Structures are given as C-alpha cells and as structure tokens.
C-alpha cells in the first residue's frame, strides 16, 4: 500500500483543464494529485537565427516554479539572476519532447513558446509539464488552423510523460514527492501515444539497478502513458 | 460609457478566493475583471542581517508575471538574468504598503515573504497585488496565531490599493488595460481601511494635471478603496 | 526651528552652475545645501528600436552616486554587477519628468542621455537631479538650435522637483538627510513652472496620513517649486 | 562499415594516461579516438553547508571545453558570463555518476572536486569524462589512503560510461561526432563494473524508438562498458 | 611645438584641491589640463577575509568614469552589469601603487577604500588618479592620526604617476588625449618621491621601441614626477 | 644557487610542441619547466564591428586556467560568472603583443582567436602564453597561405616574452612560482626577435626599485628573449 493509498501501477487523479489563459494561443492546467502546472503555448512570427529562410519553425519551452509552489519557499530565479541547472535540464527536456512530435515544415517560420509554470509541486512536475504542454500546443495549432494561418496540423502524434521508480524495492508508477525523495531509482519516460520512446531518463539515486528492474519500470511507464494519452485526447475533444 | 460598460466610479467585478496554495501559510487569488493575481505569504524563522537581535520582524514582497500573462508574451526575467526596473518598483511598493500596517515587534524575528504572481494581466496588476497580498498576509498571521506562534495579531489595520486616471478628460476608477494605455494621468492610491494614505503615486502620462484633477482622483480612489476593504473583510470572514 | 535653522517653508540655499562639462551638450551642477549633483545632457543621433522611423525622439536618464557621496561609503553598482532597485526607480522618475516637458516630434530622431551623478548627498538627491537635469537639457537644446540642428526648441515648459514631508507632526519643505530619516511622511512633487503636476509620490514612512496632510504638503511643494523655477530661469539666462 | 571503419559493436581506440597533473590529487587523460578529456580530482577539507557536521563527504564535478576543442571555435563560457544549459546537464550527470559508487561516510567531511576539461572533441565527451573521472577519483582516494588521511577506500565499485545510438537504422556502439550528428536515437549508459545501471539517458533525435531498439542498445552498451571497465582497471594497476 | 603649445618636457597645468568631500576621510580634486579626477579615501574598520587577525590593513582602489566625461558618451558600467577589463586594470594599478608606500602594520586592521572618479577626461586619467589618490590617502591618515586612531603615520613615502610617450618620433611628457591616440609608444611611470620605481608600464602602440627610447622616456618621466611630488607636498601643506 | 639549481641568467627547460590540436588552424603546447600552456589560433571570416569594410583584420586573445592547474584548486571563472581582473589584464596583454607583429592589412577582414589555456602553472604563465601563442599564430598563417587564402605572410617579425625579477636582492631570469612569490620586483618583457620592446611591465612587489635595477633586469630579459626566439624558430622549422 502506497503513502496515499494507491496500488503500485496506479496514477494519481489527473485533470486537464483547457482554455485557462486569455492571452496564450493554447493553454492547459494539468493537475496530477497535488501537482499543478499551468501550460501555455504562444506563437510568434519569427524564428531563431539558425532557422531563418529555411521554411522551418521551432518549438521551445521554459519552465518555472512559483516561489510558494513548495515548502520551504524556493527563491525566485529572477532574483538570483540565473536559471538553475535543474531548470535548464527540465526546459530542454520539455522542448525536445514537443519537437519530437512536431513537423517543423508544416509549422513554417514560426516559434512556439511553451511555458510550464508550476503553481503547486508534489513530485513529477517535469512529466506533468510535458503532458500538459502537449495539450496546450495542440490547442494553439488548432487555433492557428481555424484562423487559416496553418493549412495542415503540424503534429505527427501525441506525446506524454510519466515518472516511475523503485521505492523500498518495489516498482511504482507516478511518484508523489514523499515517494520521490525515498526512491532508490527514479526514471522518467516520455512516450508517444503509440508507445514509442521519445526520452528515457533513469537515475540510480541510492543504488544501481539491474536490467530486470529496467524492464519492469518500462512496463509500468507504458501503463501510465496509455492512460495519460487517453486523458489528453478527452481534454482536446472537450475543448 | 467606458470601454467595458462601467460608469466612471465603478470597479470591475472583484473576487478574492482564499486557501489556494497548499504550501504557503496564507494565500489569495484575486481577480479584478480579467486581471488575476495569485498572492501567497510564507513565513521564515529568520530576519535580514540589519534586524538580527532587535526582536523585530520584516515583510518583503516579490512580484512576477507569467510569460503568457500578457500578449505579446513577456520574456521571463529569470531567462534575461535580471529583474526589470518596473518589477523592482512594484515589489518595493507592495512591501512598503504591507509593512505600513504591520507591527514588527508583534511579528517578532520572522520574515514574511509575500509573492504576487500575475497569472493574467489586464491593467492594475500592482494595485490588485496589494489588495490580494493583504488578505494572504492576514491569513498567514491567523495561521500562526492558531499554532500559538504569535500571541497577538501583528496587523494594525487593513490596506488596499486601486488605480484611478484621467482618460479623454474624464476621471475614472480602476482602469483596465485599454484605458490605462490611453490615460493622460495615471494614479495609484494605497490606503488603509479607515481612509488614510499609505502611498500616493501619480504620473502625467501625456499632460500635466491640476490641483483640481488631483482632488477629483483622490475622491474616486476612496470610493474604490472602501469597496475593496469590504471585499477583503468578507474574504477573511469566509476563510 | 529646524535642524539647520530654516523655517518650515524655506528651501536650503540653492545654486545652479552651468557649463561645467567640456564634453556634454549641456551641463549643470546643482547644489541644494550639502547635496550636490552633476547633471549632463548628451545627444546621440539615433533612437531606441521602438522609435525608429517614427520621426520622434527620446529622453532617457541615468542616475548614480559616487561611492564617497555618503557615509558610510556606498559600494559601487558597477562592482556589484547590478543596478539597485532604488536607482532604477529614480532614473525612471527623472526620465519621465523630463519627457513630460519635451515635444518628441520637434526633437526628431535623437536620444538625449541625461546623467545625474550625485557628488555629495544630504537628502533630496532625486528632486535636485530633476531640477538640475532640466537646466542641462535646456542648454543642450539651445546648443543644438545654435548649431542649426534643431529648428524649434523642443521644450513645452519647465520642470522642477522638491521634497516635502511631515517630521514630528510638522509639514516641512525640502528635507535634509537628518529630517528625511526622521520623517513620518515623505513626498516628492515634480511640477511644471506653471504649477501643474508631472509626478506626485507620497509614502507614509511610519504612519498613514490624512487628506488634510496631503493638502498641506501640496501647498508647501508649490512654494518650493516656484522658487526653483525662478532659479532655473536665472541660471539659463546667465548661461 | 562505419565512417571510421569500425564494426557496429566496436569501441574507438581507448587510452587512459594517469599522473598527468602535478597539482591534483588524482588525474587521468582519457582518449577515445580523437576525443581527449583531462580529468582531475582535487580534495578539499570542507563540505557544502548542507553536509556540515554530518560526518559525510561530497563529490562534485565541473565540465568545460577548451574553445578550440571543436570547429567552429566555441566561445568561452567565462566570457559569456554564464554556464550553458548543456554544461550544467553534463556536470550534474558526472557528479551523480561518481557519487553512485562513493561511500560518503568513508570519505568523511571532505569535498572532491572533479574537473573534466575537453581538450579535443569528437563525440562522446560526457561519457569519456565519466570513464576518465572515475580513474582520477580512484587515484585521489589511493593518494589519501597512502597519506593515512583515509582509513578505508571509499569506492563501492567502479563506474564507466559509453554512448550508443541508431544511425541509418543500425545500432552502433561509441558514436564519433559524424555518427552522433546523423543519429536517429542517441543514448548514454552509465554502468558499474558489475553491469548495473547508474544512469540511462536516451533521446529520439529524429524519430521515436521501440522497446526492441532499447533492448538492442542496452546490449551494445554493456559490451562497451565491460571493455572500458577493463581499461580502467589496467590504468589503475599501472599507476 | 605640441598640439597645446607645450614643450616636450612640460607638464600640463596641474592643480590639486583638497577637502572637496564632506563624507570621505580624505579627498582631492586633481586637474591636469582638462583631465579632472575626484579622489577620495574612506576608512572602514574591517579587512578582507585573508587579513583577519593578522594585525595588518589593506588599501584598495576603485576607478570610474562619469558617462559624460568623454565624447562620445561612455555607457555606465553599472548599466552594462560588468566592470570592463580596462577598469579592472586601472583600479588594480592604483591599489598596488598606494600599497607600495603604505605600512600595513601601522595601518592596523582597517581597509582604506580609495575612489577615483573621472569627472572629465583628456588623457592620463590613470596617472592623475594615482597622483591625486596619494593626496587623499595622506589626508585620511592625517585625520585618523588627529582623532588618535592611528599612532604613527602609515606612509613610508610619497607616490605619483605620469605618462610619457613617443609621438611622431619625439618623446613627450604628460600626453593629452590627442597626443595619446597618435602615440607610437605609450608609457606610464609610477614613482616614489625619491625617484624609485613602483610601476613601469610601456606599450608599443604601433611600433616596437628601442632601449634608447626606454632610457629617454625614463628621463622624461622623472622630470614630471619631481614636479608632481612638489605639487602634492604643497597641496598637503595647504590642507 | 636558485631553488631549482639554475644560475641567475638561466631559463628553465623549454619545449614547444606543435600540431597538438586537430581543430585549430595553428597550435603549440609550450612547457617552461613545470608551467604548461596550450596555445591555439583559430581563424574566423569576420571582424568586430569597428573594422567592417576597412579591409583590416584583428587578432584577439583569451586566457584561462584549468581549475587543477594550481593548488589550491582555482574556481572556474565560468562558474563564478565573471572573468577576473587578472585574466582581463593577461588576455589584453597577449592580444596587444601579437597585434604588434601582425600586419592587419595583409591579414584582411579576418579575426584570429588565440586561446591560451594553462594546463599546469608554476609561474610565468602569461609570458609562456605569449611565446607559445606566437608559434600557434605563425602556424595558422602558414596554413592559410598554403590554402591560398593569404597571399603574403602577415607577420612583420617574431615576438616572445619572459619574466625577470629581483629576489633577495638578486636579479633573476624566468622566475618559477616559488621565486615569484618571494620577489621584491617582478617584471615582464615582451620583445621582438630583433630586440625591440613591445611591452614592458614592472611592479615593485615589496620595495621600489632603482634605475640601475631596471637596467640590470632589461639586460637579463634580452638574454632570455634571444633564447626563446631561437626555440620558436626551431619549433616552426620542425612543423
């Protein structure tokens, strides 16, 4: 029995609310248990230098945490004058994950800025960010198609992410913060809706793990991704 | 008739939702029309260097805007590596306003970090921040009193803020963004619940204003502050 | 009787010396009692990005304090690698004040850099900066008109600034440092030569103030501004 | 046949030279083909704040590239004033990998600074850094044991790393730069000498990959790690 | 005949005005022709970490230029967020020069902050800074002796500096800006009042110079230093 | 007898190894005793703003120390977020020295980036950098001439550098670290192969020095430069 009463292969309650921002082209507020992330996609009519005159677009992501998203309070990166290494890692991961399912030629010379801001944190903020960001991105593309700016949808598939880990010898799906800090092994899987890998990241926090562990965690992850993909589709249909 | 149908001395619809953050000691989500600010108060058991061993506490504020809170998207200050001058000004203003109604001796050697994060902007974000932050601060003090940490409530009164301005020659209460950009004169009043001034800031955006204008704007502001003070009291009673 | 023997509505001795910089287009050294600020205006033949091809110019200000302008010595902002929030606030205030009396179309696509550097501080450095900066700006415009670069003078009026405050219950004009640190209320008025408001900034340092206080302070300020406007005119005539 | 004539499961020629720094406690220059990384381990008698008085030590890593390690030349991070996101990611990875095989209690309250500086880059610099850094770390621990500072060796095992990837549909071991830029999938495995996982990082650069791909890459990686572990042992015996 | 009518071995008109700052412990405004530098010395009752509990003091210098000290205007280092390489070089030079004539044991555990701020530049600002800074330093030490804080004067001699150079084949003393930009060789000599070298810095700007040139320039420098030493003594006597 | 057994006018053993970098256009690893510096020259087909459309090129240098080049370990400048004053000084010195022997018109609109990275430090790193950088630069120019990019060699002569100093009253050539820290006087001479001065920098570390000392040190320096010039020529012939 887990700390919050779930079975090992059970996700926390997930809700994905869309249309939560007046100014962004697409937006989604994803909640996975007590973790809440506001994801927005804003489209700009220009591209970074290295893509000028290539006819291709770009998707980039930024990630932030509100200071009170965690206890103790986290000092604001703006005030500290630098983006932390952990933040860099996460925003690069989100960007790569979204680019993996975007056809940059269909997007054309535009940049999509995806912002994932953690309103409240309880573990799994980077994976929730990816899952929510996909929905915001899809909505932004829908909006541009409706406006006639895009002729075809630039998405080649869907993408979602989930954390898995080994806690006290047992493989668990979707770790909450209490589980995360106790985990011996912590993995994040970013996968397409049809079960392929976009990113696989595993870290032995306190002891190295075996090939059998890796296999068990990959199985669990796919269980979670299937459900999240379903939730994403439902949220997009409702929107 | 104003752009959104209000009369000159009418506030936008105001809602103040409390208890919106699991980790902060006090929190409030204030909405004034389409402007939405999440305000949290987190208490830390230490004080800045200059207050050590004085028995007195400190209230400090930080202000931020989510990148998609406005269109066009606002680059993240963390990414730019520096806090903008405007942000500095606003967070200093919020901090001064809250300190004006806090008895630092009753607070004791503790620091309250007040964070005001603009989720969506439509004018008046700094005044909404102050009005919401007061509620978050009061709730944080209540929580500490219930825990027996504070013996007496450190607040000496309530504080709220509102913008007023002159648009096309007419004095208006609580400017929305469209009015704000067209304003000839823009003023912010921060006042206590019993009608005294904590901060008065007026700027002639396009033409200098007269003593009679100043008087008219001060009258309007007090109309708004009275209503906001009432909303704050109601929100605190509900909490 | 005040700490330096003045009556409540008396300015400190004011001198405005012009032509103090060989390289600037206009310059003034203003002394208000022991406060000394060197103000220069330098004109550059380009404008910020947002004004290109609009035919309009820009006036921007920067403010600094020499490290030994105060005791204890103030660390150099260049060495600390960042401009303090207070400095940002002041230079934005000076810039806005000067722009309020400048016709940007008559200036044409040029930028005026106004630098206010405090050589010695004894309270009221931001208001002295504005009063002196106006003189430097007017002289720079004169120089450009004499060179035939400007066809008409871009100034629409004069601007000056003064501090007022309440110390031990009494309203005082032009606070020196000792008065400033003891003030219950501190206000800065930036006004045109014909008595209109450009900026009004009031802060309750230790206790909120009433409408009657505000009225009394506004009266005092106008007394001071009238005299400063006279000194500015005299300095410009001498130049 | 690969671009440099290797078979798919073949490493590039590997040499590990030890004792290359007069000042570090342990050092190794690792070459994997044309990739050359200088790894040093320096021990300091203090620990970061969060470990004071815990009796436990810390291993931290920094990574850098000489500007001419690549063509075109890479601007120096010191000159740009900030460490790039990629560098942050790599140095965090190296640090975690080394900590996974270090018993911090046996190390005691000391910090080991591991520096990995890329002298010349041709793909796989982060994995070569880990493999070389382990040797430098082991040598530093040996030196401290010989001096009587450490009573027991703090290493719980060995660690090495290798890259694998899919290029034109074929799974390859130890990608050189030309292969890396053409790879559809790029993975890094950090493993202990007895075949357990410390870190697994896989990225679909151009197309998502299947579970079968993951299995094939994991097999290849273990082939490489076994050989690198052997080279590490030989280098340490020679030293 | 030089650009300003001087003979090759003639200094520009030099004036050293003392007591120009109310807050500093010692101050001097030095003018060498059109170059004007405000030098202040402020004493703090603490020392940098590396000198704690050694009984020894420290003299450190900072150098700055007001933006309008030169045409075109020089952007403020505080605004650019970093101290330029040239500034670093100059402030290190001033600090070393002053420390060369200070007995740190007689100073005791105190830090002297010497600030040299260029009000107007016309070549030779770093050498004028040293010459003026010595006077400010001596006055600060005098003040501390009068207050009974210092028992003996910590100065072991006087120090002054001058530039020399080769312009169109001719060796010249004390280059003004026009000469400086045309110089083939540019040297700065920092010397004690009794003719010994503290710093010698020579740079071939456009062509390497011979041993004979070096000798000629050293002769010229000593001519200038003798006169500056005399001016320093006179300024100190007047103070 | 010196600390390492040399006579006063003897250099440490010098080796200059060329062709040590695959990616740079020219490279040299210089060792002077235990001081080891990797020097590379990389050519870029553009020039800084101030040289555009002048037909002239630029040579610029950067200098760095690997963290473990010294004991105790030196924190990485990239991590500290700023280049130290000492580094600025050194890289400006190297750049000026190389530009003194380069004909910028023959180079054409190209920038040569010279990187000097200290692998191991034992005194004299800046002078070794210059001596080695000249070789890297010459090799890069050779390479460009062989490729037909340059029609004539842009070098107008050779340049080398050496340190000299006074230790316990005796003038010594090429100080090692132990001598450097004990030196009363420390000088660096940068000279052309035909004995002219490019840079002369002398500092009295603990006591001012006489004209006779200066003469003696200049003699010693020329002895060293002659030998280093010979080593440079030999290294270039071997390449």
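Residue numbering begins at 1 within each chain, and the chains themselves are lettered A, B, C, D, E and F in the order written.
Assume a residue touches a chain if its C-beta (ideal position, glycine included) is under 8 Å from a C-beta of that chain, and two chains touch if they have at least 3 such contacts.
Since the model is a prediction, treat every value here as computed from it, not as a measurement.
In terms of the stated touch criterion, the partners common to subunit A and subunit F are D, listed by label. Each chain gets a centre from the mean of its Cα atoms; for subunit D and subunit E, those two points are 51 Å apart. Between the CA-based centres of subunit C and subunit E the separation comes to 33 Å, rounded to the whole angstrom. For the pair subunit E and subunit F, the distance between C-alpha centroids works out to 28 Å. Rounded to a whole number, the gap between the C-alpha centres of subunit A and subunit E is 59 angstrom. In subunit D, the residues that reach two or more other chains under the touch definition are 81-83. Viewed as a contact network, the protein chains form a single closed ring in which every chain touches exactly two others. By the touch criterion the chains form one closed ring, and its order from subunit A via subunit D is A, D, F, E, C, B. Contact residues on subunit D toward subunit A in their complex (touch as defined above): 82-83, 85-86, 88-89, 91-92, 96, 100, 157, 187, 191-192, 195-204, 208-211, 213-214, 218. By the touch rule above, subunit E contacts subunit C in their complex via residues 21-24, 27, 34, 38, 40, 42, 44, 62, 64, 66-73, 76-79, 81-83, 87, 113, 115, 117, 119-122.
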